[in-house]
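Per-chain numbering from 1; labels A, B, C and D assigned in written order.
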Amino acid sequence: DVESSSKQHVGPPLLSVLQDLGKIQNSRDRAVTLFEWLLSPIKPADFFRDIWEKKPALIKRHNNSYYSGLFSTSEFDRILRDDNVQFGVNLDVTSYTDGKRETHNPPGRALPLVVWDYFRNGCSLRLLNPQAFSHTVWNFLSVLQELFGSMVGSNTYLTPAGTQGFAPHYDDIEAFVVQLEGKKHWRVYKPRQKSEHLPQISSVNFSDEHIGDPILETVLEAGDLLYFPRGFIHQGHCLPDAHSLHITVSSYQKHSWINLLEKVLPAALKVAAEEDVEFRKGLPLDYMDYMGVQNTDLDDQRRGIFIQKVHTLMTKLADYAPVDAAVDQKAKEFLHDCLPPVLTPAEKSHSVYGAPVTWEDGRVQDNALQIGKDTRIRILRGGIARLCSEGDSCLLYYSTDNPRVYHQEEPKSIEIDFEHVDAVEYLLHSYPQYVAVQNIPSGTLDEKITVATILFEKGLLTTKESLNVTR
Amino acid sequence: DVESSSKQHVGPPLLSVLQDLGKIQNSRDRAVTLFEWLLSPIKPADFFRDIWEKKPALIKRHNNSYYSGLFSTSEFDRILRDDNVQFGVNLDVTSYTDGKRETHNPPGRALPLVVWDYFRNGCSLRLLNPQAFSHTVWNFLSVLQELFGSMVGSNTYLTPAGTQGFAPHYDDIEAFVVQLEGKKHWRVYKPRQKSEHLPQISSVNFSDEHIGDPILETVLEAGDLLYFPRGFIHQGHCLPDAHSLHITVSSYQKHSWINLLEKVLPAALKVAAEEDVEFRKGLPLDYMDYMGVQNTDLDDQRRGIFIQKVHTLMTKLADYAPVDAAVDQKAKEFLHDCLPPVLTPAEKSHSVYGAPVTWEDGRVQDNALQIGKDTRIRILRGGIARLCSEGDSCLLYYSTDNPRVYHQEEPKSIEIDFEHVDAVEYLLHSYPQYVAVQNIPSGTLDEKITVATILFEKGLLTTKESLNVTR
Amino acid sequence: DVESSSKQHVGPPLLSVLQDLGKIQNSRDRAVTLFEWLLSPIKPADFFRDIWEKKPALIKRHNNSYYSGLFSTSEFDRILRDDNVQFGVNLDVTSYTDGKRETHNPPGRALPLVVWDYFRNGCSLRLLNPQAFSHTVWNFLSVLQELFGSMVGSNTYLTPAGTQGFAPHYDDIEAFVVQLEGKKHWRVYKPRQKSEHLPQISSVNFSDEHIGDPILETVLEAGDLLYFPRGFIHQGHCLPDAHSLHITVSSYQKHSWINLLEKVLPAALKVAAEEDVEFRKGLPLDYMDYMGVQNTDLDDQRRGIFIQKVHTLMTKLADYAPVDAAVDQKAKEFLHDCLPPVLTPAEKSHSVYGAPVTWEDGRVQDNALQIGKDTRIRILRGGIARLCSEGDSCLLYYSTDNPRVYHQEEPKSIEIDFEHVDAVEYLLHSYPQYVAVQNIPSGTLDEKITVATILFEKGLLTTKESLNVTR
Amino acid sequence: DVESSSKQHVGPPLLSVLQDLGKIQNSRDRAVTLFEWLLSPIKPADFFRDIWEKKPALIKRHNNSYYSGLFSTSEFDRILRDDNVQFGVNLDVTSYTDGKRETHNPPGRALPLVVWDYFRNGCSLRLLNPQAFSHTVWNFLSVLQELFGSMVGSNTYLTPAGTQGFAPHYDDIEAFVVQLEGKKHWRVYKPRQKSEHLPQISSVNFSDEHIGDPILETVLEAGDLLYFPRGFIHQGHCLPDAHSLHITVSSYQKHSWINLLEKVLPAALKVAAEEDVEFRKGLPLDYMDYMGVQNTDLDDQRRGIFIQKVHTLMTKLADYAPVDAAVDQKAKEFLHDCLPPVLTPAEKSHSVYGAPVTWEDGRVQDNALQIGKDTRIRILRGGIARLCSEGDSCLLYYSTDNPRVYHQEEPKSIEIDFEHVDAVEYLLHSYPQYVAVQNIPSGTLDEKITVATILFEKGLLTTKESLNVTR
């Protein structure tokens, strides 16, 4: 699909978009709103119905400031200067010349003098996970992840004029190429064969003769967006007259039905083994005589019966599938993958993060509201926590304490006492409504206050009222 | 079931039974014949139709020498003297007194003076895997394993008069209790609940109050046999007037449909992921909002659709199940579990094991037949080898080089060149017929001879002709 | 020793001290100057001669602002707010009441509301490695580490009025207790026995009855300093009228002759085994008959001869000790332990960190000096790098890329080509003198420029001239 | 040295030598006697004084039956037939032709037909650790190990006429080449350089041009013996007219002073660190400025002082060396390396191994002597057990339960209660004298009987009286 009229497409600047998000009560609505801005003028509903996982889409805006504020080469330069960017860990120096793809990473820290020297010599610079360095990218991705329900990642690519940094290849993620500066010539190709539609793993580097003709060819300019599903081969190069900077926003890596089934099947087998004696009955005495690869050509009716039996059991297995428990396993992994949320000023000042308890004048000053029966509370964001049973206990997994660097720390969770489980569940379901503590429909008032206090102190709740009381 | 008339049941002595087995051409028929003797007068066909995995069976023979020659306390005494039997590894010293089950193993080697001292003090002696020490038990079990297609194991139990060595419990195997000396009072109880029918794992020790009333109670005397399926609780104790020695022959541990499905499912998922894009499509954007344990009570029609989708995919998965490949995985494990065969004199003298190549008079004497185009050959035994493809190569797994001690060594296999695969398969299928090398229907004559020689030198073939030629 | 007159001791404020350090050319002199300020009016030379590792020292200054600017409770409050401080990892909540020492760390992030609640309930707060959060502490310690040649660490301790947070104990480090706010009553005790003088490991918690009478008892007030060697037992508690904040600066953990010998001995043994056949000769045939613990009381003259032989070989071993190589192993570990240096503005602007190469106006702007034959250079700081041979190659270990968190990353090094080793060594020895590149006394001019450029790009050199040239 | 007159050297046949050993009371004397027979006519005392670890020795006997009974090609053939000999594990098939050394091991079991085929094609056959298969070799080596106090191992080498199986090389063991059948031409060369005298590790394969001229060249015939120390290069090849079979008996692998020092030094360092504050004092502040490889050429007097200090501490360290404890560590390892003893009939019938407790006539028959106050006992063999303290407990390590295969099982030990330690030590020292239980000089009579019974039941004692009593 190509959204491309010759007229300029205008939208609000990103920073005001992000600021306005704070006025939206429900964090899922925020995600949709931001995605709408990203894809505008394509509507999200149309996009997910017609394009997503199906075909590439191109949005030409003739407005090179549309995405301004998201990321820039100047910010990249600042990051090199101020942060500990490591070659090979955070930054790749690459080239693709005469069909040869090379990586030029030296060891150690990437300082501007060295990095810019590579650039002037024609190398592309791929910054991995810029969200770890850029506050805006972090904010941007952490909002979007609530829409996708799957980790949203990114890389930025800075390419010198007249060069190409990567060979043609396909990825294992849905890709949104957001052109930030300059321009780049792109070619997108169909998956080579059926088994490479929506693949689970990325491809090797291809050469031009193996990928056919492009189905889409365009020069992406600042303010434009190019989307293509996983499996679509692509390559981009800079024209002689301009460098290019883009950020690729990605999602849906290993987030297919197959990945859910990987959780469902062993669990279903366990349930079936416990509940259904048919699964526990012994195999036929003589099955190895007619089954097995060496017997595939055997004309023996016992083969049909045996295969039918396996078929029947597998079909029956579906009845034992603990789908919800399997979804929770996926949800837990998602919460581990998540970026922590970037709090709005209001969220901060109505949560433990901004509680007015502080050291002043040589002593602790505490002007914070105590959580009481009338305090109205809600979960901080819709998608930051999930209740999962694990063995004999119940854990609340959450993303707010995650580091900005992917999987740098273990999954975060707190154990929830059984008498508190209903209250926590109630709060999770009530979002985005505020609930007065006393109206939590389970437990004594003391228990309600305890639950609310625990979640509040972990940073998982906001209060409706200001926390700031003067005593 | 109880086979029990007052008249004495007579049968041939074991050693002559074993000797006569050698006259039977097909090793699978040998297994059936031996099992027939074990269960006589119950017919194997009746047994597997009416009793196996369903209910206990008792055979009273009034003939205490019926099983003579299989194992005896005298042989146990000899084993302690001659072999390195280790407490805790090969021998357990146990007692069950006043409802308390204890193990008394000291560390180190079990020497007769110490072992018999425990026995005189009322302890039971369980010899684990006597097949590692007794040639007859080894022979006996190695024949039976071809009937069951699943590892056949054994333990012997020697119990002093007036004592009990084990608490009531159930096992995870089909058990044949063969009374060898003295007598023992047995009680067998139904599985306590549906989920304990044909269980995958053995029970803890029970106490009498939790197991109900026995459904079978008897005094087993030398020459008698008691069978019960896995999951049936049982306990036995010696009467004051006689010690007891029995051997329990067992099979079908983790050999149920569930154990096959554990191999089938991951393989099916892999095939489906490659072949069917439906499995690779992404999960719905919002599924975590209505799925998961915290949402089980949610009244949301998307739940039904989601669950139905999982159901559909699981059913579809059955179409991708590589059943034969999964059976080969089971077969490979079985060949690793197997005891090596005990060769008959004829098998030995017609195989590489007895080839008349030897050192005599200061030089190598070689009177062995060379494998040639006319040599008639067959696989040594029906169940000793299996052709499995593994990645890009084809391996022949086999049991003949296994040690007598379970899993003491790695699985044994040889790689088969692709041009030899058909020939090997042909030989496997031809059993028990002999085939002249030149009649193998694939490859050049040289290749036929090569295949035959490789298998012969590995001990996997016997020749019809005598190997002994005088040159 | 007690430095304590009733008159106020005045000194320059810390921030101006730190600023003035930049004017000192040699980083080792900077370290001495800073240490002098820390201990004033005690002179470093006197301190190391008379007090260090020997006895406690107390400096009373009657000047509660002497150490102002190093750290404060307000900064601690800010850190809790802005940084990801984790209970149990970065912060310990402790109490010592009625002889009972407890730790109260909940899991997860330490937010002010929760932390201050513990504090108001009488708990002490120990911030581990504040140098990871406080720029000034980082600067302070990174300068001092050049004096000690051993990692300099720190913790801060905030204690509520009227409480005690820790039981009496001794540590395995030399401790400088710097009182920052409020006051604290301290008692210091002699090591309990000879083997606890200068111990290698810290003690368990003691109770009062096992530690005798204090040899030093004082109320430390803001601006005072208390030093005691490792092995000296100590405890401190707050008086009812004031909280206390102090920072303990520590060094010389596992930095004794024994720790060097642990490196020397295996290396010496290896050399001796190669060079001296006496060490390779076989043991006496019968030595186990008279040697061994079971033979210690044996009156056998062969014992004396054998022991004498071991003695002789051990003495001889000293001749083979590769002391310099062992020191390099210690040096490598030290460089891994080190904090990275905090650069002065001048250091920054004369090194790669401040090189005027940047992205501006849509392109790379490069106004940086090229390293050439006339460029005068020197190592950035005296103690940041060390040349060590490792197997067949030569590595330059360095501390400048270390993270602020102890051992969060692997040791940093670059391989130095053999033809460059002399040049690097020359530069290391020339410090603090600047050297013109062409005056490096080894290699061709090209090689000299290459070495200088490599070290410069790694951030290990400063230039005498400004890097900023306008082209 | 060469023992070589033209007259035939006669000695008793091995089996009668071994039988006569049983009449010698002290197992250490047995070892000497057997070694005397091995080396005859060279006297052991002369050998160890003049030859051992110094130079090769050759004994020509003109008596090709001198070593008959130790091992033969016929026995090798029997082993291939009866035992599970594995290529690559127990048997190596090798060749050395035109300067090229090759190994030809196929996978799996080595059956005679295949093995003899290699041999007829000119390959050498090295049987590793024949003691695992040959009872006589086991007996032979297990006796000798008491002389050497270090593991005694062996390999046999069967070489076809006119071939060579191995390249010139040196080993890390003292080697006794015992020619059993046929003859072989040997060349022995001096170590190439000082550092290869008595080396700790074996050499690579050499070629002729790098090893100089032989210092000994001979044709070894059946009944002859060739000794050479570790480090002496050697090669042997068969003449065209005869095959060769020899067994190489080896000892003193990693059994040098250096290997003891490896145990002594860390232990000495630990003691010194505890007892001597000099070792715990801190290193000089500035030592890294003048020490380290980059400072070796520095003219700084502090270097001399520092090196002298290390020297002094290393010398002092010798005073803290816990030599006996280190010897025990070596002894423990030796007991783990040991072959188990082969019991003489008398040893068997006077120990628990032959105790007349048995199952007969349907019950336990016990005619065994009970250990009582008058029973006279002694340790089974001099070198089979050792008392070592380990942490807070005292363990008796012993070799009698070792498997015949090297390190196939963990070291064997039993814990000895503290009140029994003196009694055990007394028994160890009393060997070869018998001691009446009541005369053990420590503990109550009950304790004495308990100790004696524990050791007896473990097989570590023999009684003077017959165990066989009729009750």
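Here, a contact is a pair of C-beta atoms (placed from the backbone, for glycine too) under 8 Å apart; a residue touches a chain by one contact, two chains touch by 3 or more.
If you're wondering where the values come from, they're calculated on a predicted model, not measured in any experiment.
Common neighbours of subunit C and subunit D under the contact definition above are absent. Among the remaining chains, D is positioned farthest from subunit A, on the basis of C-alpha centroids. Computed centre separation for the pair subunit A/subunit B is 50 angstrom, with centres defined by C-alpha atoms. Distance between chain centres (mean CA atoms), subunit A to subunit C: 42 Å. Subunit B and subunit C have centres, each the mean of its CA atoms, that are 64 Å apart. Subunit B has no residue in contact with two or more other chains.
Chain-to-chain contact here is organised cyclically: the chains close a single ring, every chain touching exactly two others. Pairwise, the chains that make contact are A-B, A-C, B-D, C-D. Those residues of subunit D that touch subunit B in the shared complex are 73-74, 76-77, 81, 84, 107-109, 111-114, 116-117, 119-120, 181-182, 243, 352-353, 355, 357-360, 362-364, 366, 368, 401, 403, 412, 414, 457-459. Only residues 48, 52-53, 147-150, 174, 194-195, 197-200, 252, 255-262, 264-266, 268-269, 272-275, 277-283, 285-289, 291-296, 306-307, 309-311, 313-315, 317-318, 321, 323-325, 327-328, 330-331, 334, 383, 386-389, 425, 428-429 of subunit B touch subunit A when the two sit together in their complex.
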